[in-house]
Amino acid sequence: MSESVELIPGNTLITATPQEGRELAIKMARLIIKVTQPDAEVRGRLRGIYAEDAAMLIAVGQTVATEFAVIAAANNYWR
Amino acid sequence: MSESVELIPGNTLITATPQEGRELAIKMARLIIKVTQPDAEVRGRLRGIYAEDAAMLIAVGQTVATEFAVIAAANNYWR
Amino acid sequence: MSESVELIPGNTLITATPQEGRELAIKMARLIIKVTQPDAEVRGRLRGIYAEDAAMLIAVGQTVATEFAVIAAANNYWR
Amino acid sequence: MSESVELIPGNTLITATPQEGRELAIKMARLIIKVTQPDAEVRGRLRGIYAEDAAMLIAVGQTVATEFAVIAAANNYWR
Amino acid sequence: MSESVELIPGNTLITATPQEGRELAIKMARLIIKVTQPDAEVRGRLRGIYAEDAAMLIAVGQTVATEFAVIAAANNYWR
Amino acid sequence: MSESVELIPGNTLITATPQEGRELAIKMARLIIKVTQPDAEVRGRLRGIYAEDAAMLIAVGQTVATEFAVIAAANNYWR
């Protein structure tokens, strides 16, 4: 892994809206997979696997929820 | 995934009641599955699988609980 | 899923005691399973499976612990 | 499940020391398994399974850690 | 399990440095495994299994991360 | 495991940016795997396994997210 890979788009956890915070959570989760498996072709093949697997889809949701918890706190929940 | 997909209905974490907060948690969890697997037919097939699988049902509960933790904090626990 | 299903008995996270908070956590976890699998007969069959499976029992405990964390914070830990 | 089962010994999250907090976390995790599987003989058999299974032992640790996080916060980390 | 087993070395979550906090998290995770499986020989055998299993190593990391979250909060993040 | 292994580079959770916080989370997650499996050759072999396994990649993401939550809180979310 090259540490110079962008891991957080914009290098901030602050977003204008909850929707944008959710999009950031999805991107952050994907970028961790990208640094762990840098080969785009392999990632594409694996995406085809987890997108068709109920248990893995649920696990993706769990990870995004964990990422989002941090982003939501950073934004004081957009209250 | 199109980032323009609605990920948080109403684009807010604030709800009137705990019940509505819980409903939002369920919707948010489902919308992540939807962006990860955009094909409605595939999702319908997978739903039939996890709704009959004890381990996956428990995992769904874990994910909803994680989403709900954020929503509850955002609403100051509706105290 | 009908969104009108009761997801939080009493529609509040506030309980008189930690014991009642724990009971609420168990109920909330079960109600998520209920909305995901509305068929009572199927749920009864699946309960027989996870109640006899060590890994699933541990996973149930993990989910209840996550639900309880929110309830405990809502009640300021009954301090 | 009978809701009258004791789920939190002493009905409080407050303990004198971190060690006692850790013991409470273990007990709370076990009591959830007990209400989910009330048959002591079955629980004894399942305990023999997970105590010999590396993955399940790790999962037990994850659950106790989650329970302990709540207890530690309740006690202001015994600072 | 004997409740008199030491579960937190020094009976405190306070450490001088983040490094020591991390070491404490590792020890706390291991001590839960120890009370769940008191037989040292069995634990040694299981350690040989999870140290060679990618999925279990990741799960160990998840558990240590959860333990560390509590220790870090207890120490106000050593700011 | 030798407790003298470096578990947190720089022995601090404070970073200049979210990007650096994310890099630290990845390193901390890897260092736990390193102390659990000190043999570099075995780790290299296992990395080849989890980098090609969709479920394990998702689990890596979950662990990094948990580590990052602590780092983000330590840095007051770089607000």
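We call the chains A, B, C, D, E and F, going by the order they appear; numbering starts again at 1 in every chain.
Rule of thumb we're sticking to: contacts are C-beta pairs under 8 Å (C-beta built on N, C-alpha and C of every residue); 3 or more make two chains touch, one makes a residue touch a chain.
Because the structure is predicted, anything quoted here is derived from the model rather than measured.
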Chain whose average C-alpha position is farthest from chain C's own: F
Self-contact between copies chain A and chain F, residue sets same or different by half: different
Cα-centroid distance, chain A relative to chain D, in whole angstrom: 32
Rounded Å distance, chain D centre to chain F centre (Cα mean): 27
Approximate Å spacing (C-alpha centroids) for the pair chain C, chain D: 16
Residues of chain E whose C-beta touches two or more other chains: 50, 53, 55, 59-60, 62, 66, 69, 73
Overall pattern in which the protein chains touch one another (line/ring/star/complete/other): ring
Touching residues (chain side chain A, partner chain B) in the complex: 17-19, 22-23, 26, 50-55, 57-62, 64-66, 68-69, 72-73, 77-79
For the chain B and chain A complex, residues of the former touching the latter: 1, 3, 6-8, 11-14, 28-29, 32-33, 35-37, 42, 46-47, 49-50, 53, 55-56, 59-60, 62-63, 66-67, 69-70, 73-74
